[in-house]
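Here is the structure we will look at, set down as structure tokens.
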Amino acid sequence: MPSDLSVPAPALPSLRLPGLDALALALRQVGPAALLFLSILLVWEGVTRAGLVSPLILPAPSDVAATFVSSAPRLFLHLGWTSMAALGGFVLGNTLGFALAVVFVHLRLARLTALPLAMMAQAVPIVAVAPALLLWLGNGVEPKLFIASFLVFFPMLVNAMRGLASADDQVAELLHTLSADWKQRLLIVRLPAALPFVFNALRLSACGCFVASVVAEWVASTTGLGYVIVFASSQYRMTEVWCAVLLCTAASLCVYGLVCLAERLAMPWRRERPGPA
Amino acid sequence: QGPVRLTVALGYAPNVEMFGPLYAVRAGFFAAEGLTVNAVPASTGVDQVQMVAAGRADIGIVGPEQIIAGAGRGEKFKIFAAQYQRSPVCMTARKDSGLTNPSQLPGRPIAVKIPAQTFFELFMRKNGLQPSQVTVTPIGRTDVATIISGRVHAMITTFAFNEPRSIEMAGVPVNLMPLAQYGMNAQTNSYFTQERAFADPAKRDVLVRYLRAEAKAWEEYFKDPAAAAKWIIDQKFIDGLDLDQQVFLARGQADHMRSALTAERGLMWVDPAIYRETATNLQLSGVTSTVIDTDSMLSTEILERAGMPRI
Amino acid sequence: MTYRRGREVTQALSACSLTIPEGGWASLIGASGCGKSTLLRILADIVQPSGGSATLGGMTPAEARATRSFALVSQQSVLLPWRRMLENVELGLEVARADRAERRRRAEEAIELVGLRGFERAYPHELSGGMRQRAAIARALTLRPRFLLMDEPFGALDELTRASLNFELLRILEETSATLLLVTHSIAEAIILSDVVAVMSPRPGRIVHKLEIGFGHHRTDAMRDDPAFAAHEAELRHALHGDPGVTRPAIREPAFA
Amino acid sequence: MSLTLSAGGAMAWRGAARVVPPALGLAALLAAWAVLTEAGIIAPYLLPKPSAVLAEILTNNEPLWRHGQLTAMEALLGFAIGNIVGVVVAVLMGWFPAFKRCVLPLALVTRGMPMVAITPILVLMLDRGLVPIVTVVSIAVYFPTLITMVRGLESADVEYHELLHSLSASRLQRLLIVELPAALPFLFTALKIGASIAFIVAITGEWVGASAGLGYLIVISGEYFKLAMMWSAIIVASGLTLVTLGCVMLVEKLLGRWTARGEGMA
Amino acid sequence: MTYRRGREVTQALSACSLTIPEGGWASLIGASGCGKSTLLRILADIVQPSGGSATLGGMTPAEARATRSFALVSQQSVLLPWRRMLENVELGLEVARADRAERRRRAEEAIELVGLRGFERAYPHELSGGMRQRAAIARALTLRPRFLLMDEPFGALDELTRASLNFELLRILEETSATLLLVTHSIAEAIILSDVVAVMSPRPGRIVHKLEIGFGHHRTDAMRDDPAFAAHEAELRHALHGDPGVTRPAIREPAFA
């Protein structure tokens, strides 16, 4: 039997409405998740309405929604405080983690001396020392910023160190023969090679920074969603607690989405794999 | 039919404050009543009202404020005993601040534990002050360093036998302003169950047996509170207890557990008037939207049937 | 066949038609970038043609792949960096779930054949360029495929090694009666290893010439001296580019504006 | 341009000076602590003196040991479960895009929820003790592993995928032969992140919902203002984290040697 | 020169001696794996020889690298995957901090020269193998180095492109009076592009033969027909391997036990 191959010129691409395409794609992307969340909500509503769970523990989602509507301005105000600490910590912690990674990758002595210290610092259970932090840094946004940065810092450090060192040997040799200095090597090779790792860390901290900020507020604060959670739950206002919890979650997801978007824009050279076997 | 299993969510960590249930367990008083009691420590972990509401505990021991707040959210509870006749909760002020009376508060820096915020605001209003007249520093649940450092003049809430002593041990003498004296009395460490359970006569029988056993333990306690404190230390229920502190607590607590009512009717008796005061305060501070009717939440049936010692 | 990136479209192949009889040997020559690799990648079911059809022994590339009918030696010898050379050569059989001993035996045989004995335990980065290429060839040879698709397999080899491997390949093809489609830059190699040589024009790639090489399947080095060889060479060179003395490649269609 | 080469020659061997700088760093840290507290610059009610903490660790280490064991068990169990779940879910996500579209948002939501608010519910559902804490640690650990492994599994060069594709490799083979080895550096980054948070999360969890463990010891010591005990517990917790982190890095180094690819980076 | 991994040691090069006068053109040929790339990597200061010395114009490789005196085209055309082709070609000048406009001009010139016009905005994975190799050559050419070290730069190119680039290279060498060290597998290419061709023996690599090519520096395609060309070819083939009809590569020393 012959092994035959013929490839005629391609047909013109068919006309398509980009808007409709995008809509269909979006539906396909979020459809399953939306369905899943909808069913979770329904089960949740059913379980609470049937009285299977005490309202002191889990309120009905419809009641949560009602509370959200009635106290939205106040909740968003607290979200603002939390976001300030979270996003500030996100920027600070990631910047610091990345900068330290750059230093550690270049200076062996710094790495040997400071990396273990950074790891020791990271190992301290931050919630346990939070009261001391509050005393040192006051009751403003600073200690929350500190805690959020602290929890964001290490994932970035680890990822960036790995990423900065991840460039392929051949590329490293090329830059070496071009007699590139460390700055050029950093900008031309290490940074682009580190991008996947850096974005990985950013994705992790997109969610992490809000949680960290809430934990910090939870220890002692009169502002922020963490405060709402502690205060409202001390009076069993669980609908309010859940409003705060869900708002925190939604904010994290927004930041996560932005990070994904930035990632797509930052790495246009990445390519697709062949389809699954 | 074996012994009845019963879970009690203690009012605090297993220290001498919880001598009754703890001693009754180890001395076999519960066993003698056909009960196997699992005493779940509190202080860390989930709140007792939620544990009882979720059915994780049969009996909860907690401040009445929390029970009433829970009732305000639609749960139904029954209170059948109360450890303290007088609230041991107070505001603690540094002696060097000169604060002895709430009227001196305006303009002062005050540390407030977040869950106590409403208490604090009510405390101010009850004494004719506005909460905005002081500068508030939010602090963590176990934070006494803020007042020791001198950053604030006073803190609220504190437990009369705990924080004040810690602060003094760190070299800062204090004055106490007990909330009971300023219109905010409560029968702290109230014993409660779900109303549904209480409606069951069999369950009420169990509660009677429970309280009878605990009463025996408390009788032991009142013979020698210091010895009770030492027993708690020796039993190593938890780490980090200090004998002097426990003796201090045991002595002070004995006083708070006694009143004219306990002498007349028996230990742990509930006083509807104090509960009404607490419920009114909770409504005033906005924790509940209406004044919760505590009279219907209280029952002396168990106390009566258990034959509480008159001390 | 078009590649697209965003709104930019590169037409890599246009009308191509080539039929190789089963057991036949064909070579594909053409200027750099004319679409030879793309054509092989279509046959190997790695890219889908945007038009047209490809079959291997009556099967679509997907079917051929599923039945493990072909082996591909791709242009850049792809070796897994975390596997030693021997493990890399064994990979094909491992994936085909061959018996462990059999796998080892055939891998060692192929390694011997390509002259890599002694380097079994070396990692790819410890091999020279030519050694890596030979390892990739060895991996394909262990599979004894019905169709052998080779994309410049001998490009990084010196003349001697290359010649030796040419003849080893011929021997194996005869033994296993496999069908060969070879992309090469050496016109001589194309003639030595083929029944038919197809010449592709620059982008969009079209097969512009086919030349039957009438040497039969029992080839010797002596055929280089056959006058027909020189004639074939001249014809192919001419087909590749009208004027053999050209000094510039003729690939000048701006595709990425 | 000229070149003359001869055979042979020895190689230099790097000294064992790797230990000295970190030791110096640690010593400096301890010295700073000692000086600041002994000189009264940091008041003892904020941070006890190292001598006091050392004395506590030396004389009263039985509770540290007991609670430390519990916390270590919770943290390590959660670490193991979280990582296994993370890797498995990442693999499934790579295999089934629909699964990914469902589960990834769910994963993000679980991670975006503040744990301090969720722990009480877990405690109420699962009862106090080991289970809810292990659950919280698993949830915290699995997320970095999941996200990192999704990326790691996608990180192999397309060439390798094309090779396996042309060999008609099954999904499992592709996973084992290409994706997992390529994901190893990513896995170890995730493991390090997981190791760094496992104990912290366990302690926070105990803080909110347990009656034993180092977190509980920290709270209860705080309640009675026993700072030496509290800081001993903090130090033990940090030490446990460091040991876990060290083990992960050691395994990484060993694996790196076998695969001859590891850069020996942290 | 030895490579080591753990306790295993590979001796890649032994006594080698080669001197190229400034502005001279030398080629290195030898069997696959004999150490040609290693030799170039020593001159390019990528690996340190464990014994012996290498100099470029009186400088050590490290000095030569620091003064940007050489350009290396390595065997596998290394392009940064995240840079478009034009940016990859500009890379050398960018690192040397050339003026932006100058950089662009020289890069476009080099791209034109290697026949890649129209692909400036393509990412490396969108280029064919030969196109990638040409991009790497273009990058080296933008640098106008004193010493040009090329490791099989034309391996993936078809004959025509190859021939055209050969002559472009010769033109550039003459223009810039650069010194060339070329590794190639094509004996003909070695003769066309060199004053002297050095032949290396298999591992451990030794330079076993040197042949002066007396064609001067003004070369034309016609020199292929010079009888001296054929004689050189025969001599080099002989030097490479006593018997030109060998069918197996002779690289058989077990190094990885």
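Note that the chains are named A, B, C, D and E in the order they appear, and that numbering of residues resets to 1 at the start of each chain.
As a convention for this text, a contact is a pair of C-beta atoms (placed from the backbone, for glycine too) under 8 Å apart; a residue touches a chain by one contact, two chains touch by 3 or more.
It should be emphasised that the depicted structure is a prediction, and the values quoted were computed from it without experimental measurement.
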Touch-network distance, chain A to chain E, counted in steps: 1
Other chains in touch with both chain A and chain B: D
Intersection of the contact lists for chain D and chain E: A, C
Chain located farthest away, centre of chain E as origin (C-alpha): B
Farthest chain (mean CA position) relative to chain C: B
Higher-contact pair (C-beta pairs counted), C-D versus B-D: B-D
Averaged-CA centre spacing for the pair chain D and chain A, given as whole angstrom: 18
Centroid spacing, where centroids are CA-atom means, of chain C and chain E in whole angstrom: 25
Separation of chain B from chain E, taking each centre as the mean of its C-alpha atoms, in whole Å: 86
Gap in Å, rounded to a whole number, between the CA centres of chain C and chain A: 47
Where chain E touches two or more other chains at once, by residue number: 5, 76, 123, 125
Multi-chain contact residues (two or more partners), chain A: 57, 131-132, 135, 233, 271, 274
Residue list for chain D, restricted to those that touch at least two other chains: 46, 120, 124, 158, 162, 164-165, 168-170, 207, 215, 222, 260
Chain C-touching residues of chain D, taken from the complex the two chains share: 159-160, 162-170, 173, 177-178, 181, 259-261
Touch list for chain C against partner chain E, complex: 3, 5, 8, 10, 29-33, 35-38, 75-76, 115-123, 126-131, 134, 151-152, 155-164, 167-168, 185-187, 221, 237, 240-241, 245-257
Chain D contact footprint on chain A (complex, rising order): 28-33, 35-37, 57-58, 104-105, 109, 111-117, 119-120, 122-129, 131-132, 135-136, 151, 154-155, 158-159, 161-162, 165-166, 196-197, 200, 203-204, 207-208, 210-211, 214-215, 218, 225-226, 229, 233, 241, 244-245, 248-253, 256, 271-274, 276-277
Touch list for chain A against partner chain E, complex: 170-171, 173-180, 184, 188-189, 192-193, 195, 267, 269, 271
Touching residues on chain B, where the partner in the complex is chain D: 13, 40-41, 43-47, 50-51, 54, 56, 141-145, 148-149, 162, 166, 169-170, 238-242, 245
